[in-house]
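Look at the two complexes coming up: chain A is in both, with chain B in one and chain C in the other.
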Partner chain A sequence: MAEEKKFAAYICKGCGLGERLDADKLAGLAQKEGKMQVVKQHDFLCNADGVAMIKNDIANEGVTHIMIAACSRRAKTEAFYFPNNAVARANLREGVIWIRPDTEEARETTQDMAEDYVRMGCAEVKAMTAPGGNVNTGSNRTVLVVGGGLSGMTAALEASKTGYPVVLVEKSGALGGWAAKLWKRIPVHEPFKAPADTGVADMAAQIAADPNIKVYLNSIVAKTDGAPGRFVVSIATESGNVSTEDIGAIIQASGFELYDANRLPHLGYGKSPNVVDQAGLEALAKAANGGPILRPSDGKPVTSVAFVQCAGQRDSTGEHLPYCSGYCCNTSIKQAMYFKDGNPAIDTTVIYTDLRTPGNGEDFYRSAQEKGVIFTKGKVGSVAASGSACTVNFHDLILDDQNAQIEADLVVLATGQVPNSGINIDMSAEEKADEAAAEAAASEAAASSAQPVQFSKKVSVLNLSYRQGPDIPQFKYGFTDSHFICFPYETRRTGIYTAGPVRRPMDMVQAREDATGAALKAIQALENAQLGRAAHPRSGDLSFPKVRIEGCTQCKRCTVECPFGAIDEDEKRFPLFNESRCRRCGTCMGACPVRVISFENYSVDTVGSQIKAVDIPDEFSEKPRILVLACENDAYPALDMAAMKRNEYSAFVRVIPVRCLGSVNTIWITDALNAGYDGVMLMGCKHGEDYQCHFVKGSELGRYRLSKVGDTLKNMNLETERVKDLEVAITDIDNLPRIINEYAQTIADIGMSPFKGF
Partner chain B sequence: MSANQEMAVRYKNNFLKEVEQQVEMGEWVKMCMQCGVCSGSCPTNFHPGWEHPPQEIFMMIRAGKREEVLTSPSMWMCTSCYNCIVRCPRKLPITHIMHGLAEYAYELGLAPKVQPTRNLSKLFWSNATKTGRINELTFSLGMYFKDAEGKINIGQGIKKGLEMQKVALGLLKAKRLNPFEIFGGHKCKDQKGIHAMLAKAYALESKRKGRHVG
Partner chain C sequence: MTDVVATNETILVVGGGISGMTAALEAAETGKQVVLLEKNPALGGRTSQLYRYFPKMCHPTCGLEINLRRLKANPRVRVLTQAEVTGISGSAGDYTATVKLTPRYVNENCTACGACADAVKTEVDNPFNYNLGKMKAAYIPSAMAYPQRYVLHPSIIGTPDAEAAKAACKYGAIELEQKEETIEIKAGAVVWATGWQPYDAAKIQPYGYGRYRNVITSVEFERLADPHGPTGGRILRPSDGKEAKNIAFIQCAGSRDENHLRHCSRICCMASLKQTHYVREQHPEDGKSTIYYIDIRAIDRFEDFYQKVQADPSVTFVKSKVARISEDGNGNPVCWGVNTEGYKRYSNPHDLVVLAVGMEPSVKGVAIPANVVFDSSGFIEADPANGAVFGAGCASNALDVNRAVQSATAAALRAIQVVNKVARAEA
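Then we have the complex of A and B:
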C-alpha cells in the first residue's frame, strides 16, 4: 500500500489550555518544526464539533496521521478513536498545565514544556503507522479442558452453556477427580450445618448428556502446537489411539495431589493402618456407606478419633509444605461430623494451631461445636501408634502443656494440596540435579527394600511445543504463575488459562468460581485471537511485533526473554513470532541489540525521535532537561492522577510513556545522554516475588538490562545519578511529584550535562 | 462417698459433660473458639488471684482437668462487670459460667477456703435469707469482724469500724442508717414461707442436676 501520508496536528484550547498556553505559537511550531501539513486549533476539540472536524479531514483531506495536542492519551479515548489512522497525543493538560502553577514566573517554563510536547507528538506520529492487525490468526472456537475433576467439569459445562464446543481430556477412567472420592462435601447452602452431597454424579451426567462436550477418558495431552485460535492438540489415549483436535483456547484444570503422608512418619503414617490422611478417611466413610466407620486395623467401630491439622503444612523448617491449603480445616470439621452425626458418643477432637474456615465455614464450625466436636489448640509433635491404639502427643498452646496427650482409635492427618502443574520450566540446573539425585535414591531404595518408596517424577501436562518449555511457568511452590492482583486468571501463556488448585490451594466453592472465570477468559481469548487483537493488559491492541529478519543476528535474546513464550525459533534459528501468543509488551523490542523488532505504532524510532525532538537549552540557561520513561500501566496513570490532584512537579521533565520497562531499549538512554539531557528517570513496576509488572517479567528484564547502563555513563564520564531507576506503583500519586522534584534538585546540584550542543 | 467423688465416678472423666449438666450455662463451654477476647477484656487484669483467665478455664474443661478447674480461685475473682459477655464473638455468657463453676465447686466442697468473694457471698446469703431482706448494719459489721478465712477477729473489726466512722455518721445524719437495726431491724412477712420456698427451690435444683440433697 503506497498510500500518500498526510500529517495533521490539532491543538485544543479547552480545559484552560487556551488561557494558560500560547496556542498560536504551538500551532506555528507544529507547522514549521513539526512539518505538519494541516494544523488546526479548536476551542473544545473533544466535543462533537471538534471530532467531526478531524473526521472530515480524514475523509475529505486525506489526513492519515493525526497529532492531537490536548489531554493525556488516557483521557477522551472514545472521542479520539480513529482506528484506521496513526494517532499521537501530546499531553498538554495532565502533562503541563495541571502540574504547573498558574503564575507569571512559571509561564515561560510552562510554555517551554508544552512546546516540547508538541514537538514530541509531531515526531512520534511521523515515525508511526496505523496498526493493521495480526493477519496470522485462527478462528477455532473449541475450548480444550485438561482435567476432568470438579474444576474441569465446571469449566467444560460453563463454556458449553455459553455456546462454545468443548473437548474434555481426563487422565483417569472416570470424571470427578478428587471430588468423586468424597463421601460428602462441605455444605454450600444455608444453614451450613451438615455435610452435603457432592453433586459430582449430577455434573458427570450433564456432561455425558451434552452433545457440545466431547470427552476423552484415559487420555493425556501428548502435544500442543500453535497459538490461540489455532492450537493443534494431540490427545493420546491409553489404548494407543492418538486423536488430533483443533482448539481455540485451553483451560488447564490439572488439579492437585495430596501431600504425600509417607513423608510424615513422625505422625504415625505407615506405622499403623489407623493413621490415615483425609482421602483415607473419605474412603473409610464411603466403605461404611452411612453405617459406623470401622477401624482399619481390626474392623471394629471407631469410638474416638483425632484430627491433626496442618500435617506437613505451614512448615517453617523447609522440609514440608510452607503454605496453608485453606480447605483442610473445613474438611476436618466435615469429617468429624461423619462420626458425630452417626453416633454423638464418639469422641472427636480436632487439634489445630489456627482454625481457618473460609466461605461460610464459620457457621459450619459452630455447628460442629454444637454437635460436640472438641477443638483443641495445639501443635502435634508426634503420633505413637502401637497395635490398634494411637496416642497423639501435642503441645497444648492455650494451657502451655508440652506433654498433652490424646488417645484415639483413628488419627486423620490434614496434609494439604500440592499442585499438579507439570514440569517447572524455570528450574535451575541445581534443582534439576537435586531432582535427579532424589529419583536415583528412590529407585535404589525401591530395589533394596520390599517397601517401595514413592517418587513421582514430574510429567508435562500440556506438552507445549514452545521454545521456552512444555508447561505453564510456575510461581511459588509449583503453582502456576498469574498476575494475582490485576489479572488472576492470566497465565504466562496467552490463550491458556489455569483453573482450580493448580493455580493456588482452594476448596470446591472456590474451584468452581475459578473454573467459571477461566472458561469466560478462554472464550474472550479465542474471540480476540480471531480478530488479531491482544489479550490483557493491552486488550484490543491491533499492533504486533514485526521483525526485519535480514538484520537479525540470531542472538536469541528475544526468544529467551519473551515473558509469554510467544517467540519460537525456525529451523534456521531465526526468531519465529507467534503473534496470537503475544501480549504486545515490547520486551523483545527492548532486548534486541540490533533493534530490528518494532511495532507499527511503537518502536525504537517512535520513542527515539521524541527524545531527539525535545529542544535542549544550552548549558547556561539554567533549564535542565530530564527524560522520564514511564510505564503506561502504573507510572503514567499515577502521573495523570497526580495532575488531577494538581500536584505540581518540575517543568524540566519530559515524560514519554512506554509499554513496559521491559520494552526500554538502552539506545534511548544513550541517545538522551548524548543529546544533552541532564538526567533520565525510569519508572517501572515492582519486580521479584511480589511483582506488580503487568507483563510479569518485563520490569525485571528491563531492570537487568538497565543495570548495565552504569558502563555507558562511565564511558561518557557522567555521574551515576544521571540515570535513576524508580519502582512506581499506581498509588504513588503524592509521592511521585515529590520524587521528581527531589531528582530535579539532585540534577541542579550536580550541574548541567556537558553534552549539550554537540 | 463425698459429693465430689460421686460426681467424678458418675462422669467417668468426661468433665465437659459434667460441666454441661451440672454447671449453670455449662452447655456453652463447647462453643468457645479460643480467641481470648474475654481474657483481654477483663478489667481485673489478672492480678495474682487469677490463675487462669476464662479462655484457659474453658480449655481446661475440654481437656478434662477437673481438679484443677474446680479448686481454682479464678472464677471467684470475677467482678461481674459483664465486659466479656458484651465482647464475646460467640456470645458465651462467660460471667454466668464463671459463677456457675464457682457454685458447683462450692457445692462439691472443692472451692478454696481462703477466698474473700466466697466469704462475702456466704455472709450475704445467710444475712439475706434469714429475714428475706438484707440488714445493712449487721452485714457490714459482719464483714468488719470476719477475716479472709471467715473467722471472728475483734481487733480487725474495731479498726475497720473506726476507719468507716465518718461515713457512718454521714449516713446517720442523712437518715440512711438506722442504728436500731442492730436489734433485728425490719423483716419480710411470712419468713417461714420464704425459708420453705428456698428449701423447695434447692431441692428441685438438686433433683434436676441429680445431686444429693443436704
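Then we have the complex of A and C:
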C-alpha cells in the first residue's frame, strides 16, 4: 500500500509517569529525534478520552502509524486496539518507573531510560507497516481424513456435520479399523458396569449415507502438495486408479498396529495357540458370538483365563515398548467380563503391576471385582505352554512370592499400541542405517520361518512434497503428539492435524474426543488460510514473511531451519515460501545471513532501528548500555511481572521483545556491539528435550546461531562476557532482576566498550 | 450497565479456566461470536494456580500468556468476569441464559497502578493462594490476572477503607455504588466448562486436615512452591515456618473411595510425582519424598516420568492406603498403615504431609442450571438429551490439562455445529 504515512506519538502521564518523568522532554524527543509529525501528551491516555483522541487523529488527521509511550504492550490492550494501524508501544511503566527507585539519585538514569524507550518506539513504528494479510491463499473447504478407523470416521462425520465436505481415504477394503474387530467396547455411560456395543457399524452406515463424505477404500495418499486452503492430494487406489482432490486441511488418523506379540516368545506367544493377544481374544469372542469362548488348541470351552498386563510395555530394558498404552487395563477387565458374564464359574485372573483405570474406569474395575474377577499384583516372568495347558510364572508382589504360578486354559497378553506415523523425518543417518539393518534382519527372519512378521518397512502416510520430508515430525516413540501441554493440537505442519492413537496411545472414548477436536482445528486452519491469517500460536496474525529474492544467495538456511516446513525450494533453488504454512515465528528471518526476509511489522529493520536509536553515552559517562532481546512470550512477561512486584533492576538495560529467540538475526548483536553497547543479553525459552519454545526449534536454533557470536567478539577484540545467553522461564520474576543486576555488575567490572562514538 | 450483543448464533462458554478459554478461543478463531463467562474476577482458573506442569516441568502461566494474547487479539470473544449462570432456558439453537453479575467496584478506567491497594488497610484471605496468606482488600487477583484490573473485596464496602481506596484512585475507576445485576444472554449453544474443585480434605477425617496444620493439600503445596505464592516459592510448613524436607504424599485422598469420590481423579499420581521434583529442587542434598499409593497411574508416555522418579534415591514408594495420621510433639504428622507389599506395619513421621486430593466437578450434576445428563460423580455425560449444552474439560470428567483442552476443543466444534445450523437456517 502506497498510502501516505503519518506518524503520531502519544505520551501518557498517568500511573505516576507524569511525576517520575519529564514528559515535555519525552515529547520533544519524539518530535525532533523521532520525527513524529503529531506528538500529544495525555494525563490518562487509556481512558475513553485519551483513546478517543487517538481515534480522532486516525479518522480526521490521517494518522497511520502510532507510537504509544505508556505501559507495557501487554497492558491495556483493549484500549489501545488499533487493528488497522501500525502500533509501537514504549514501555515506560513496567519497563522504567516500576523497576527504578523513586529517588533523586535515580532520577537522571530513569529519565535516560524513558527517553531511549521513546526513541526506540519512534524508530520501530517508522520501520513498520500495518500487515495486510497473506494474499497467496486458497479457499478450498474440503477436509481430507486419512484413515477410516474410529478416529477417522469420527473426524469425517464431525466435519461433515459442521458443514464441510470430506474426503476419507482408507487403505483397507472397509471402514472401522481396530474398533470393528472388537466384540464389545468399554462402557461410556453410567453405571459403567458392563461391556457395551461398539457402535462402529452405525458410524459406517452414517458415513455411507452422507453425501458430503466421499470415501476411497483400498486407497492411500500418494502425494500431498500445497498448503492449507490449497492442498492438492493424489489418491492412489489398489486397482491402479489415481484421483486428485483439492483439499483445504488434513486430518491424519492413521491409527496403530498392536505391538507384535511374536516378539514376546518368553510369554508363550507362538508356542501355543492358547496364548493370544487382546486382538486375538476379541476374535475369539466374536467367533463365539455370545456363546462360550473356545480354546483355540482344541475348541473346548475355556474354563480359566489369565490376563498378563503390560506385555511388552512399560519396559525398561530397551527391548520392548517403554510406554504404557493406557487402555489395556480396561480392555482386560472388559475381556474378563466376556467370560464371567457368560459363566461365573470361569476363573479369570488379571496379573498387573499398577492397575490403571482412570475416571469412571474405577467403576468398571469395581464391577469386575464384584463379578469375581481376581486381580493379582505381580510381575510375569514367563508363560510356559505345553499342549493345551499354560502356566504363568510370576512374582507375586503382595506375598513377595518369586515363584508364584497360575494354570490357565487361555493366556491373554495385553500388548500395546504402535503408531502408524509413517517416516520419521528427523531420524539421523545412523538411526536410518540401524533401522534398515533391523528391517533386513526381520525380513530375513520372515523368509526363513513361517511366522508372520508385522515389522514391515515404514511407508509414508501423507507423502508430502515438502522439502523437509514426507510426513509429520514425530514427537516421542513414533507418536505424532504435540509437545505442548496447553496446546495438544499444536502441529508442526500447518493445516495438518493428527488424531487418535497415531498421536498418543489412547482408548476409544479419547480417540473420539481427539478426532472431534482435530476436526475443529482442520476447519479453523482452512478458514484462516482463506483469510490470509496465521494459525496458532500467532493466530490471526496478518503479517507474513516477504523475501527480497534478488538478494538471496541460496544458502538454504531458511528452508532447512523453518520449524514448520513452510519453505520449499523452487526449480532455480530459491526459497519458495508457502505463506499459508507459515506460523510467523521469524526463524527464517533470524537465519538469513543476507537479511532479505522480513515481516511488515517485524523485521531486521524494526528491531535494528531500535537498537540504533538508543543514545550511547561516551566511554567516560559511567553509563553503560546493555541490550536485552527478550522472548515476548516468557521473558518479557516475566520482566513485566517483576515490575508489578516493583523488583528493581539496572537502569542501563534496554529491552526489546522478540517473537522468538529463533528470529534473532546476529546482525542485531553485531550492530549493537559496533554501536558501543557494553553488553547484550538474550533471553529465550528452554530448549532440549523438554523444550518450552512455542515455535518448537526457535530457541534452539537461535542459540546455535548465537554460539557463533564468539568469533565476532574475538574479531572485535571484545570479552566473551559481552554477550550473554539466558534460558528464562515466565516465573523468573525474582531471578531475572537479580541476573540482570549481576550482569550489569559484570559489565562494570570488565569496563566500558571501546567501540563508543564510532 | 453491561451490554452484551449476543444472538442465537453466539456460543456461550461458561467458565474461564483453561478449558473455557480454549473452547472460547478455538470457536472465535474459527470465526464464531463467543461470550465467555467467569465467576471469579480474573480468567485462568485452577491451572493458573499451579507452579509447574507434569511431565515437562514447564509453567502453566506460559500457556496462559499465549491464551491471553490470543484473547486480546480477538474481538470476537466478549469476556464477562464475576458472572455466574443461574438459569438456562430454551433449546438447541435458541437458549437464553440468566447471568448474575457481582460487583467488582472497579470499572474499566482502572490502570492497575495499585494506588488503591496502598491506601487500603484491611487484609483478607488470598483465594489465589488457597487462603495461605493474606492480601489487601483492594487487590489484583494474580500477576497474570486478566482483565488486569483491581477488585475491591465486598467486606470493605461501606467502610472507610473503601472510601480511602476511592480517594486514592486518580482515574475515577472506583465505583462503590455498583450493585449486583442480572442480565440475559442469548446463545445458540452452550459450552459448560466450570471445571473442578479439590475434594474437601476435611471430610477424610482420619487424615486430620484442618486439625493438623502440617497436613496440607496438593493444590496448597503448588502455591508453596510458586515464586508468586505466599512463601515466595519456599516450601515452609504452615505450623512454624520451618523448611519442610521430609515430605509425604498420600495418593487417593478422597478418590477411588466409595465413601468419598467413586472415581479415580487421574491426575493425582502424576501431580505427586511432579511435586517430588519441587522437594529435590529445593533440597538436593537432604530432601526426602515418600509416596503412599495404591496404583501409580502414570498413563502412556508419562510412564517415563514415573520411571525417572522411581530411579531417584530421594523418593520412596510405599504401596499402602494410609490408615490415619497423628501428630507428634514436634508438630510432625505421622502416617500410620500397612505396606501391603510384604505386609509391614509402619508409623512414619514427616515434616509435612501432602494429600493428593481428588477432583470433583465445581458445579455438580443437579446444580447445573440446565437439563443435562450426569454421572454418579456429577460430571456431565455426553448425551443427546443435553441438547446443545456441551460439557467440556473437568466438568465432563477428571482430566489432565492436555485432555481437558482436547475435550474443550471438541466441545467447541459441537457448539459450532449448532450455530452453523442456525446460520444456515437463517440464511
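The rule is short, and it goes like this: the second predicted complex is superposed on the first by the 743 of 758 C-alpha atoms of A that agree within 3 Å, B and C clash if a C-alpha of one lies under 4 Å from a C-alpha of the other, contacts with A are read in each partner's own complex, and residues count from 1 in each chain.
Note that a contact is a pair of C-beta atoms (placed from the backbone, for glycine too) under 8 Å apart; a residue touches a chain by one contact, two chains touch by 3 or more.
All values derive from a computational prediction rather than experimental measurement.
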_Under the superposition described at the top, does placing chain B and chain C together on chain A give a clash or a fit?_
clash
*Looking at the overlay, what does A:Glu190 touch: chain B (first), chain C (second), both, or neither?*
second
_Just checking: does A:Gln405 make contact with chain B only, chain C only, both, or neither of them? Give me first, second, both or neither._
neither
_A:Lys76 in the overlay: touching chain B, chain C, both, or neither? Say first, second, both or neither._
second
*Using the superposition on chain A described above, determine whether A:Ser316 touches chain B (first), chain C (second), both, or neither.*
second
*Counting only touches as set out at the top, which of chain B and chain C does A:Gly540 meet: first, second, both, neither?*
second
_According to the stated criteria, A:Leu355 is in contact with first (chain B), second (chain C), both, or neither; which is it?_
both
*If you stack the two complexes on chain A, which partner ends up touching A:Glu370: first (chain B), second (chain C), both, or neither?*
first
_Partner chain in contact with A:Ser465 - chain B first, chain C second, else both or neither_ = neither
_Touched partner set for A:Phe487, first chain B, second chain C, both or neither_ = second
*Region of chain C that runs into chain B when the structures are aligned on their shared chain, from 26-34, 242-250, 296-304 or 332-340*: 332-340
*Take the contacts of chain A with chain B and those with chain C, and give the residues found in both.*
355, 366, 377, 398
*In the complex, go through chain B and note every residue touching chain A.*
16, 30-31, 33-34, 55-56, 59-60, 62-63, 65, 90
*chain A residues within the chain B interface of the complex*: 355, 365-366, 369-370, 372, 374-377, 396, 398-399, 401, 404
*Show which residues of chain C lie in contact with chain A when the two form their complex.*
18, 25-26, 29-31, 47, 51, 53, 56-67, 69-70, 72-75, 108-109, 111-113, 140, 143-144, 148, 170-171, 226-228, 232-233, 255-256, 262-266, 295-304, 307, 319, 340-342, 375-377, 381-383, 397-399, 401-403, 405-407, 409-410, 412-414, 416-417, 420, 424
_Complex contact set, residues of chain A against chain C_ = 14-16, 44, 46-47, 71, 75-78, 81, 83, 158, 161-163, 188-192, 314, 316, 322-326, 352, 354-363, 366, 377, 397-398, 400, 476-477, 479, 481, 483-489, 504-506, 510, 513-514, 516-517, 519-521, 523-524, 527-528, 536-537, 539-541, 633-634, 637, 641, 644-645, 685-686, 690, 692, 694, 729-734
